[in-house]
Amino acid sequence: MPGIFIYSEDPRLAQQLLTPALELKKDLRQPVVALTTDPEAASILAALGADRVVVLRSALTSPEALAPAVAQLLAKEGAQVVLVGGTLRGKHLAAHAAAVLKAGLATDARHLALSDGRLVARRMLYAGLAVSDEELTLPALATIPPRTFPVPTQAPNPGVVENLDVLGDPRMTVFSSTPVQGEGVDITTAVRLVAVGRGFGHKEDLGLARDLAGALKADLACTRGIAEDEHWLPIERYIGISGQTVRPELYLATGLSGQVQHMVGCREAKVIVAVNKDERAPIFEMADYGIVGDLYTVLPLLTAALNKN
Amino acid sequence: MPKLLVCYKWVLDEQDIKIRPDDLSLDASRAKGKLSDFDRNAIEEASLIMEAQGGTVDALTYGLPTVKASVKDVLSRGPSRLLWIGDPAADQADAYVIANVLAAAIRKAGPYDLILCGEGSSDLFYQQIPARLAALLELPCVSFVQKLTLEGPVLTATRSLGDGTEEVRVTGPAVVSVLGEINKPRIPSLKQVLGASKKPSEELPLAGLGLTEAELEPKALRRAPRGFLMNRKNIIYKDADPAANVGKLVASLEAEGLRG
Amino acid sequence: MSILLTEEQQLIGQSARDFAKEYLEPIAVELDHTASYPAALVKNLAAHDFLGLFLPGEFGGAEAGFVSMAQVIENLSRASAGVASILVNHSLAAYALQRWGTPAQKQAFLPALASGETLGAFAAFEHGPRPGVGPQALQATHLPEGWVLSGTKAFVRNAGAAQVYVVLAGTDPAAGGKAVAAFIVKADAVGLTVGEPLETMGLRGCPVADLDFEHVVLTDAALLGDLKDGQAITAETFALASVAEAAQTLGIAQAAVEHAAAYAKTRIQFGRPIASLQAIQTLLAETATDCHLGRLGLLQAADLIDRGEPFRVEAAMLKQFLARVGSRLLVDTVQVEGGFGYSEFMPLPRLFRDIAGTTLLEAPADFPDATIAASLLA
């Protein structure tokens, strides 16, 4: 039975995938089928609108190990559209499945639509320099970055959950794994952010940015160097092409020059403000408002002015 | 003595691509060809293995006929031999077609003990070819590798997956995709550059790879890309008095509903 | 440029550019301040085959030719003309040995020069007249014990760092400038002392000092070429120096133009980038044109050397053109950048001081004229 299939090993991301899937259902009029390995995640997906949820039961549950079995299942079921959560693991699985299905796959699709019976996916090229649409004949797959879509609201009638035993691919053995030492910070939901860069000379000087963030009820973010080289802030606060992407209402960049690799992560903010002592810094071209000045002078003045009532 | 293969792509240098302000179309007229960044890492990794253990490294590429310009550049970086497939339709090819072509070439020129690719190309960054290739060749795929060792038929690798790392082991031939952090590619010495023309390179005609029309028909059609241009207000306060600038900024934030 | 360069020459230029970006750019400013000889970097240059660039394969050289050499020097000079100077002066010694050495002399010195184990230097100048123009302060006298050299050579680049010197000495004070010969002198020769390092305005990082010869005794095997070859060795090695320095000048100029152009795009005055101003565009266009034409002249001269054809006249033309263009170009780019350009935290002041070294030294202004005129009026 043809269908719109979704899969992510990340339960929250899987829920987000339901939103575009349910939208596509309106045009394609095919059931939305969610694949998961987690029974708890399954009931939530069923409650949020999946028509069917298949719980894959296997000794090996990583996306990579499940890829061949998932591909086989998709082929057997005649899947027409497959949306996979765009984690690195998800991308691996999606590419494997695409090869088996002899299908096209759009990587990191940020927008999906149907047109003339084809799936149209919008994605970035050239490290963020450009955007282009890809038209894929069906069956088609797409990987979706986390937080591209919201989680849908509760559905009136929950879908059906079923179990399926599958064989994982044993050829790659995982003999050790080390999760990243995070501090459990998630700046991607912050409404306002104050970002810091190399303009700050010492770790203690970040206090100026913290005070400003306090006055604005904002959270703190940073450039790659501050997190990965200096280790002044945890990696989860690093915004950029291989870090977080954020869409806050206010992004206040202090002491950072505004290189493309950083700005790609925050350029969809509603309002961008910059403070930098170099008037030729690229950030000023990307800002709505800015002050040319020394952050050591400007930040305390700004904090005081904002706190004054 | 392992028989290694590295797949690479010859791309336009994205630094030379400009956005036309009137219609946001891309102007690549000044863009020069370059070896895709992470493929450079893959070639370096293969060369390092060969230097340590002997064996051979074949480099393989599929692109427009102009891909011939990449031959000496790539051979100067270590590989023993280069195989290239030139096809005027290559710029319309999607990952489905590219993987089909590469797999067919590998079936002809192989078998190989290890196939290395970069994580994704620096222009389109599909991040699909390695896993697709592995599926087509029925080999395991070890993706997103930041460190690897090959001992006989056993490949041990550390994968970096965003939320952590894992160490894996595969026995027998496999496809690997490498991350930029796996190594620092060396700059070819003059002798390596001059030695490149003495190494064998061969064109593999597309027609001779036994692919069907369906396998060469893209499933994904790319429409013309549009440049991403920031359209911001650019209201910059540059008064000599910082307090004056601050006053104006606070007023602006208030007007935007962003104060407090 | 690609129709004039082979693929290999382009790739070599690219390698040199990558090398410069990776290894020279990070140290260029510091090197200019400290002027301390970058020994590790020179080893790295050697590992990339730059020191034996045009030397024959039988001695371990890369045999890459002189067009490649021009590519390498220009690209290195974009990042640090001081480092390029070390390579240039080493190459002058290597060239003279390769060109005029006996098989025994070549076997004795070229392998180590090619591998970089030995750094070379060409000791030509003096505090008095140039070789070939007037009597030399350093005189070589043939005595029973061999050749005895006494006197001083001045402004010797790579002095102190080099292990072998090719030295121009007068052989007959009565004959004035005409009697000149070249000698191979090892740094450990008894009686040879390297003077105090000279603080130079630019090209810093390349050591410069006097060489004092106090009754230095050399065997006959130390004579490079025949006695009568002295003038040819002098003229031709200076011609090669002109070509090499042209490459340096172009590298420095290119760096200056690119920096000024990038600056002009971002510097906003009266609501527009200064790049939109006619005056700025004229300055940049003229300097870019000079660079382009100079580069074509450079490639042609280097190509003549590759073909083994005479190149002294073309080298003189290059020198003349770039001497006129070189410093004016720097004045123009500083004008574009204004107050910023004048500040030491920008690269232009260093480039200015470096280009003074590559265009104004080595030959008085009328020398190239005389060579060119002589070829026309002969």
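Going by the order they are written in, the chains are A, B and C; count residues from 1 in each one.
Methods note: a contact is a pair of C-beta atoms (placed from the backbone, for glycine too) under 8 Å apart; a residue touches a chain by one contact, two chains touch by 3 or more.
Note that the structure is a prediction, hence the values are computed from the model and not measured.
Annotation of subunit A and subunit C: jointly contacted by B, touch as defined at the top. Overall, the chain located most centrally, as judged by its C-alpha mean against the mean of all protein C-alpha atoms, is B.
Averaging C-alpha coordinates per chain and comparing to subunit A, the farthest chain turns out to be C.
Computed from the mean C-alpha positions, the centre of subunit A lies at a distance of 55 Å from the centre of subunit C. Centre to centre, using the average C-alpha position, subunit A and subunit B are separated by 22 Å. Taking each chain's centre as the mean of its C-alpha atoms, subunit B lies 40 Å from subunit C. Shown for subunit A are the residues that touch two or more other chains, namely 279. On the side of subunit C, the complex with subunit B involves touching residues 7-8, 11-12, 14-15, 18-19, 22, 47-50, 53, 62-64, 68, 72.
Those residues of subunit B that touch subunit C in the shared complex are 69, 72-73, 76, 187-191, 193-194, 196-197. Residues 64, 67-68, 71, 87-89, 91-96, 98-100, 102-108, 124-137, 140, 169, 171-180, 192, 216-217, 249-250, 267, 271-274, 279, 284-294, 297-298, 301-302, 305-306 of subunit A touch subunit B in their complex. On the side of subunit B, the complex with subunit A involves touching residues 14, 17, 19, 26, 94-96, 99, 120, 122-136, 140-144, 161-170, 172, 174, 214, 218-228, 230, 232-238, 242-243, 245-247, 249-250, 252-253, 256, 258-260.
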